[in-house]
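The structures come next, written out as structure tokens.
In what follows, subunit A forms one complex with subunit B and a second complex with subunit C.
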Partner chain A sequence: MQDRKIRILQILVVPVAAVLVAAMFGTRARAAGKAGYTVEELSPSMSYEEYEKRYKEYYGDATARMAEEGNPADFLLDDGRDLANKVEGSKGKSCASCHGRDAMKLKGAATHFPRYDAAIKGIMTFPMQINACRVQAMGAKPLKYESYDQLALTLYIKSLSNGMPIQVSIDGPARPFYEEGRRAYYKRQGQLNFSCAICHIQYAGYKARSNLISNNKHHTDHWPSYRLKWGKTGSLQRRFRGCLKNMRAKVPPYQDEELRNIEFYLTYSNNGDLIQVPGMRM
Partner chain B sequence: MNCRDKVTGKNYLLWLAAASLLLLFCLPAPGRAGDVKQGEKIAKTRKLGNCVACHYLPDVESPGDIGPNLVEAMAAYGPDDRREVTQWIVDPRKFNEHTIMPPFGANRILTDQQIDDVVSYLYTLNKKK
Partner chain C sequence: MPAIGKIKIRLPRNIRKGQVIAVKTLIMHPMETGFRTDKKTKKKVPAYYINDVSVYYGDTLVNHSDWTIAVSANPFMTFYLKADKAAPLKIVWKDIKGGVYEKTVQVTPR
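For the complex of A and B:
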């Protein structure tokens, strides 16, 4: 009797254990795949000098002439400064209450963004930081991402760092988010099976129809930028979303984790580039 | 259930017919005539094939230069290579795992008929045809 019971138990337990072990290995394998750093090996098809030559040949002095006529995004700077001095929220404060008149003490702050933030256990972008200050320090409402006021304030405060080199750190707990961003940048996605990297690394300098594909070297140093095609000033993440749409891929909402990680990866790879906002693009 | 048990007598012929029909639809039919005019339109329209985003094709303003010039490339293909040309468009990863060229068939960007049309159009570029 006792023997039979054990036998039944064995029959039941062994397969269940086997399934459990298999499942454990399965999830481990999947987790490794997700966090794994295996990305496609891609390298630029031409030197950066050759790329710049093609860029100049292609655009000629079009961008210089555009700049001469003035950047419409400059109008946002004044409004951004006003917003930095404006008292809002339940605590009767403005940005200037903590960061000096015209928030001048924030000179250089933008060079360290995006950065890892322990409280949100993820990447804090510059627009998010501004909203975090509004909510926590001022008791004010967050500004809707990509709204005029959010862009104006971000642009103004970032402009205080103009001419300073980007200095993003990926040390310590930031590292996995950098790796995730890199993975997302190389991930084939969408109906067209493209990745950011295949265009902006391997095929930078080639023409997709009449668009010269840009090398990603200066991708993050000039946002928010005015873009002729938009007829508006917009953020780096708006540009990401545009490329994702062209790829016929899923387009995440602003400040979604994937977009923040990509922004973190890309900005780090632009370390040393001088911040120059607002930019102006076709 | 074992299918073989059922395949007897008249049934057998029916099965054979059905199976060959199925096969016919599964295989990329190399001889199937495509519509050249449609093919040209598909190849040059942004929302369809948009081949000109990457390839040179005649009579297009500023085609891209990511991929090879298709007039030159087609010179290397003879009438018997239709299946290979089709495969390039259906899924170029068969030739180059890391290609930038989209898998037009595999990802259902174009239908089999549309791909046939494009191939027929490409063959009109082929001087050796």
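For the complex of A and C:
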């Protein structure tokens, strides 16, 4: 009787122990994979002056001239202004009821975004902030990301900060998200085994097929931007997703944690650039 | 809310009488060629483009063009005009589905 009991216990205990050990190893392995990832240090292969010279030789100032003559994204500005004054939601408010006529008090607000937010324990991007405002202060529905209205409102409020330098802070609790974004920027991924940094830091100034790869300076100061290839206005995250798709990597949804962290890292590295929206790109 | 038919017309600020001015126009339009396939439904997107543009200066037709599918989306057009009278400048775009978009600006040479 005693023998049988022990055997039953043995039969029970051995698999449980095995599962426990496996689980422990598994978590340890995963944790090591996340924290122990070393960032591959890359440096530009040419000076910024050389890059700019090549860029001018190849593209000229075609898009700048086009934007001067008439940027199709300008139409969104007018619609965005109307949206900022439009009363929506259960509390009978508009953006203008808190932030002044045409939301003019929000001048300069966009320079500090993306920023760390304690409530969501992560990075808050500008469109997310607008939606949070709509839900909490106005009692309205959040706008769908990349929809016409969302882009128009974001573009209008961001355009109030035109000509002001980007001032993103990575102090305090934002620091780990900056590191995470930097890691994601340098992480090789996808079937082609590229990282963002390989093209935009190391090979900036060289060509990929018929495109001259751009340097990551001035990458974040003009979004949402009209892009000739899309024939539409889009956000920075849409561009990220396009790049990830071309790398044949997994494409995260809009405002996913990874995309937000990359946006945070990249915007911080563009600190001091003057905001100039709407932009116009190839 | 797609913005079809929104128009922007740009004239020089100070116009002298008899001066040749550049009029710059922009209209929002998808300009579908009819050859593009919708990736989700695997069906052809029907053709939808602007095919007729006319410019009236006062009552006279000063510029007329026939456009085809080769013109890009959100077309931008520039033309030159001799500003020899104070008159309204009316520009009319027509597309193949019967849409008519027009805008009038006042030309006042000094």
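Annotations for the structure displayed:
Convention: the second predicted complex is superposed on the first by the 246 of 282 C-alpha atoms of A that agree within 3 Å, B and C clash if a C-alpha of one lies under 4 Å from a C-alpha of the other, contacts with A are read in each partner's own complex, and residues count from 1 in each chain.
Everything below uses one rule, namely that contacts are C-beta pairs under 8 Å (C-beta built on N, C-alpha and C of every residue); 3 or more make two chains touch, one makes a residue touch a chain.
The shown structure was predicted, so the numbers you read here are calculated from the model rather than taken from an experiment.
When the shared chain is aligned, subunit B comes close enough to touch A:198, but subunit C does not.
Shared-chain residue A:57: touches no atom of subunit B or subunit C.
Once the two complexes are laid over each other on the shared chain, residue contacts for A:49 go to neither subunit B nor subunit C. Judged by the touch definition given at the top, the superposed model places A:75 against subunit C, while subunit B stays out of reach.
Of the two partners subunit B and subunit C, it is B that touches the larger number of subunit A residues. By the touch criterion stated above, A:149 is placed in contact with subunit C alone, subunit B being left untouched. On subunit C, the positions that touch subunit A within their shared complex are 1-3, 6, 8, 10, 24-26, 28, 30, 72-74, 76, 78.
For subunit A in complex with subunit B, the residues that touch the partner chain are 40, 42, 191-194, 198-199, 202-203, 206-210.
Of all residues in subunit A, only 66, 69-70, 72, 74-76, 79, 148-149, 231 touch subunit C in the complex they form. Within the complex formed with subunit A, the subunit B residues making contact are 50, 52-54, 61-66, 98, 100, 102-103, 107-109.
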